[in-house]
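Step one of this worksheet: look at the structure below.
As written, the chains take the letters A, B, C and D, and residue 1 is the first residue of each chain.
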Amino acid sequence: MSKLNMVQAINLALHEEMARDQNVVCLGQDIGVDGGVFRVTEGLLAKFGAERVLDTPLAESGILGSAIGMAIAGLRPVAEMQFSGFAYLMLGQLEGNAARYRARSQGRFTCPLVVRMPYGGGVRALEHHSESHEATFAHVPGVKVVMPSAPGNARALLAAAIRDPDPVVFMEPKRSYRAFREEVSDEPEVMEIGRAQVLREGSDLTVISWGAMMRPALQAVGEIEEQRGASLELIDLLTISPMDGETIAASVRKTGRCVIVQEAPFSLGPASEIIATINDKALLHLEAPVKRITGYDLTVPYFSREDMYLPSPGRVRRAIEETLDF
Amino acid sequence: MSKLNMVQAINLALHEEMARDQNVVCLGQDIGVDGGVFRVTEGLLAKFGAERVLDTPLAESGILGSAIGMAIAGLRPVAEMQFSGFAYLMLGQLEGNAARYRARSQGRFTCPLVVRMPYGGGVRALEHHSESHEATFAHVPGVKVVMPSAPGNARALLAAAIRDPDPVVFMEPKRSYRAFREEVSDEPEVMEIGRAQVLREGSDLTVISWGAMMRPALQAVGEIEEQRGASLELIDLLTISPMDGETIAASVRKTGRCVIVQEAPFSLGPASEIIATINDKALLHLEAPVKRITGYDLTVPYFSREDMYLPSPGRVRRAIEETLDF
Amino acid sequence: MSVDSACPAAGGPIPPGRLELADHTFHIGHLQVLDENGALIAKDAGGAPDLNPDQLIRLYRGMVLARAVDDRLLKLQRQGRIGTFAPATGQEAVSCAPVVAMRPEDWFVGSFRELGGRLLRGEPIDRSFLYYNGHEEGNTFDGGERTLPVAVIIACQMLHAVGIAYAMKLKGEDAAVVCFFGDGATSEGDFHEAMNFAAVWQAPVVFVCANNHWAISLPREKQTRSRTLAQKAIAYEMPGLQVDGNDALAVYQAVHEALARARAGGGPTFIEAVTYRLRMHTTADDPKRYRTEEEVKAWERRDPIPRLRKYLAARGVWNDEMQVNLDEEIRKEIEEAVKKFEEAEDFKPDAPFDHVFGIPHPRLEEQRADFLANLSREQGHE
Amino acid sequence: MSVDSACPAAGGPIPPGRLELADHTFHIGHLQVLDENGALIAKDAGGAPDLNPDQLIRLYRGMVLARAVDDRLLKLQRQGRIGTFAPATGQEAVSCAPVVAMRPEDWFVGSFRELGGRLLRGEPIDRSFLYYNGHEEGNTFDGGERTLPVAVIIACQMLHAVGIAYAMKLKGEDAAVVCFFGDGATSEGDFHEAMNFAAVWQAPVVFVCANNHWAISLPREKQTRSRTLAQKAIAYEMPGLQVDGNDALAVYQAVHEALARARAGGGPTFIEAVTYRLRMHTTADDPKRYRTEEEVKAWERRDPIPRLRKYLAARGVWNDEMQVNLDEEIRKEIEEAVKKFEEAEDFKPDAPFDHVFGIPHPRLEEQRADFLANLSREQGHE
């Protein structure tokens, strides 16, 4: 066991998977000599060589499009988008091809590949460096979207993503990259994609979040439990698509109340889908409207104003209180 | 008054707007000499000349990106994507720039432009010619998404989109292009963007749809009213973003029951946002779960199987019945 | 074989000053083996490719079959028995000759106008009918493990070709990739990114650009200002040349040599094959709206099929009787394919649910159940 | 002025055969006016540009100011008083000289490493500090109606430049566009689409590519296999040349002539300005990880600022006293800007809601109300 932050944990998974399977290759901008702008790919070049760790030209569609070809030909490419804000440039290849080769060829050609990308705000970055657009990827049939929240699940889910037979968008909360450490096993670990995790059990209200928002959610849950002794259930969604509707519904059927914390813009984000799922599967158990705390329908403001855009523990706490008191 | 189909009505709006404002220019693939692959831009080249009606090279990002420049410099470009399935190739420019110049420059530089695109299935087309991905655009803050359903509103909403000070994605249901005709006024008409329309008033259940799905919705509503004398309210959403939450909520507060008909895939589509909006504003009035009839989380199958993918009047009818009987 | 003279300087009017420096010069080669009557030209410059009669006949047969299937598909489409389809009449040399130059272990990465090449790679005719009738089932075939399905998004497949080529190189396989696309594709960003990646990686890929002069209604001259498409290779320091795309032997020779170079570690090559689409863009298109009958007529005279036939006849490996037999053989083959296609078994209605992910997930299975329930209800209704 | 010799043949090993045809040749011009010591070279080939002392001093002052602001921003960043910032030390000639060649009615379409040019276009220093401190307020300035804000998405702005240029042409305005980007940008699809559209439309745009040898950690040679970036213009039949990007007069002259041609209807020009980024990519970057001290040292000797200063001194329009005065003047100007920046008024917290759409909509207004309610609660809390 060692205590790792998320950057180290992801780096560990990459090392482990590249050592385990020689078909795993990494490609992206500055991932080699530089070790990635966040140092996530540090050491891979030295260990596995320039043929398997490719510093590519500056072209996002080129990166994903060529990764698709590699995957078709039997490799297991792990492509990096330097920031998720630039991932729109490869969406044509993702939606048009990675997501479709299996359907198009009835399973003869498949795209087992991973697109890693740091996402989200809170690090005082330039424009296009702070978005949370998981819903865009998650609305593409044939693509899985995974968002870890902590070093341990990041490592285990990345391993699962690399082994998965289909394209996985793996969104790393850059704000949590070095925010905290966790004990991580010395043995390779793999978690199941498509399953949410109940982090704390409770009976009065369900809080659902994912990625970087798990931290303010956790903080608010802690404060409320302490202040009012309420029993809160906390769910880490982990996979945005395909979504684990059963875990969500089972919890809300039990608690009757729910608050969702999402960094993405308000409209058409995963929170909307969660609410729709609750409507489908647990409406009659609801004792209050589900409350969603989200970003606004704004371009993420420059960093001088981003704190007021991002859901804060205070906003989450007030939402929980209002929903408990409803 | 003349009876026009949707292709003619859109063509009329383009003629009217280009005549009204010399800053309006059209650009896209095959929109000039050929009049567009659906003949929507027929006659524009002859009338307004090759400087204002541009047959561009085959490059979607190029089309939208240069349209952004034109808009910044005072033109009012109307760009065509030949099919919405290729619109992913310009999403980088749409999200990264068209949607953001206003925010980035605090209003100094703006992008008053329209991106027209035929969308949707039901015409036995090749791959990438049958998608309904309005949610992808609608999740981008700063972009408006408009989806007409009939010749009259197509003409009036396109005029509004061209006059709008911001980027508007205008998605034309190709399946309805020539499906029926409507009386259209001889005078230019403009409708307000951002407002849903109550097409029929009713008290027992609200049916919400948009674009091509208005036809099966209308048919099902007619059948149910006839068969069981139920009083159904029918809403044509028209604008997907920004969504008219008030009209939706007011209707559901009245009827207590709701069925949504959407062509897009099940997860994270506009239906999810509508349900979330009902949860926010009308939950206590609900007498049954909202039911969504949608495409599935599949790549739209090739046309031999697309009929079973697309919501049919039968599926809508059964959903209405189940919700009435709940 | 003929060579273009060096192109003169480019660009608009230049004011006096030092900007004449911007006025680069360059030179692009052009390969032609047969003249328009099928006679060998410039024998001194290399003569005919090293193809034996069997190979020549395989190539010729492939082109004749492609043309006949095109004819038949057009009829089927007009009868409403298949959906939209993109005829390739006139372009048979571009799609078939490369396949004769390829080995089975090479990858065929096509666009949507290379049915001839696909058939020559072994795709059964009836499966191609299935494809045009809206069935994913028509998109692959046994033996087609290295023949990718039709790619509709213009230029997207070029990047897949580069990735596959890189994988071949990494795995040390003695295999290369041939990638097809049109003149219109050269305008897309993916064209550029693929060309650049291929050159940087020295990937074993041969790019075959079928310059058929039109991208739907946009003529080649409006697609790009460059006088040749081949010169675009200069941007990537990639070898590039023009070939007469209606000269099957020229196409063969260029692809053959480019494949040899690719396999030898010499990297990619860009081949602009100058040809012409004699029919409509697709069955939904009306070419009369944008081009003249005369233009089409002029290109009909350069038809690649009679041209190759004359060469074969002159070489003594083909005669009229063989042609009669071939036509009959192909007629039968196509009739059988139509029959097989029309008698095709019932297709699994929920197959799309089988091919979203390799690992089932409850969310999709719920939807499948809903789909099947609806299906049985609607079938009960009727 | 010097001219590269014609480039020899390109590509990997070529097997014997006719593929040597693919082995195109081309020639790219290279413009240099001052040698590394600031002396005029090749006087016979055109001599110095036609700039009067005021213009020369404006250019020189702009470059010195740019360098000084760079220094100051770096300090502010290290003190945590601004956010991430991309220094441009060493590239002042590329960003400033074009502005001297431009007229106010021309459009400046930059990327993110042309602060020098922006300041010369009239952006107040304190507003640039605001930008780097995370305020949209720093993105525009009065008088900057034709200076677009920083573009972060690599190459995206090239298409905006083309669209603006087309609009100028359509409206019959006597104005052109200068568009900046880096060597890395040449790999993006948008580069390609913009170059092609510009050439097809013969749009009045001048592309200035600052080839500073690095795209973060990727060296120019791995970005693309082409020996020059200028040769990429050949793909679009666009005039293109290399200039010494650390020679302000060469940059000026090339842009000046290209602008004249653009305004005269002669279409676009591609200028590869060869320069070097002497500092880190951004303040978040550590260049020691990927490049040597020696390389940096070698380029320090080619610093564009002393080079121009020597030329000015030799021409008798500059002396040490003027330099002392200038340094002091600039020091003060920057101090005042820092003060103004730090005393900047309170910014409207909900301004982002004002700039989503030009027409208000209830959905956004509900969110604004929620935002303001939260704001007052959180402020009450503290």
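General observations
Note that a residue touches a chain if its C-beta (ideal position, glycine included) is under 8 Å from a C-beta of that chain, and two chains touch if they have at least 3 such contacts.
Source: prediction; values computed, not measured.
The chain pair B-C and the chain pair B-D differ in C-beta contact count, and the higher one is B-D.
The chain with its CA mean position farthest from that of chain A is C.
Centre-to-centre separation of chain A and chain D, using mean CA positions: 36 Å.
For this pair, chain A with chain B, the centres built from the Cα atoms lie 30 Å apart.
Distance between chain B and chain D, defined via averaged C-alpha coordinates, is recorded as 40 Å. Shared contact sites, meaning residues of chain B that touch two or more other chains, fall at 57, 59, 61-62, 85-86, 89, 92, 96, 103-104, 127-128, 141-142, 242-243, 267, 296-299, 301. Under the contact definition stated at the top, the residues of chain C that touch 2 or more other chains are 136, 153, 187-190, 193, 196, 200, 222-224, 351-352, 356, 363-364.
Across the interface of their complex, chain D is touched by residues 29-30, 32-35, 37, 55, 57-62, 85-86, 89, 124-129, 266-267, 296-299, 301-306, 308-309, 312, 314-315, 318 of chain A. Chain C contributes residues 83-84, 112, 133-136, 150, 152-154, 184-185, 187-189, 215-218, 222-224, 284-285, 289-290, 347, 349, 351-353, 356, 363-364, 367, 370-371, 374-375, 377-378, 381 to its touches with chain B in the complex. On the chain D side of its complex with chain B, the touching residues are 107, 136-137, 139-140, 144-145, 148-149, 151, 153, 156, 158-168, 170-171, 189-190, 193-194, 196-197, 200, 351-352, 354-359, 361-364, 366. Only residues 25, 51-52, 54, 56-57, 59, 61-62, 64-75, 77, 92-93, 96-97, 101-110, 141-142, 144, 164-166, 193-194, 242-246 of chain A touch chain C when the two sit together in their complex.
Of all residues in chain A, those touching chain B in their complex are 85-86, 88-89, 91-92, 94-96, 99-100, 103-104, 127-128, 133, 135-136, 138-139, 141-142, 241-243, 264-265, 267-273, 275-276, 278-280, 283-284, 286, 289-290, 292, 296-299, 301.
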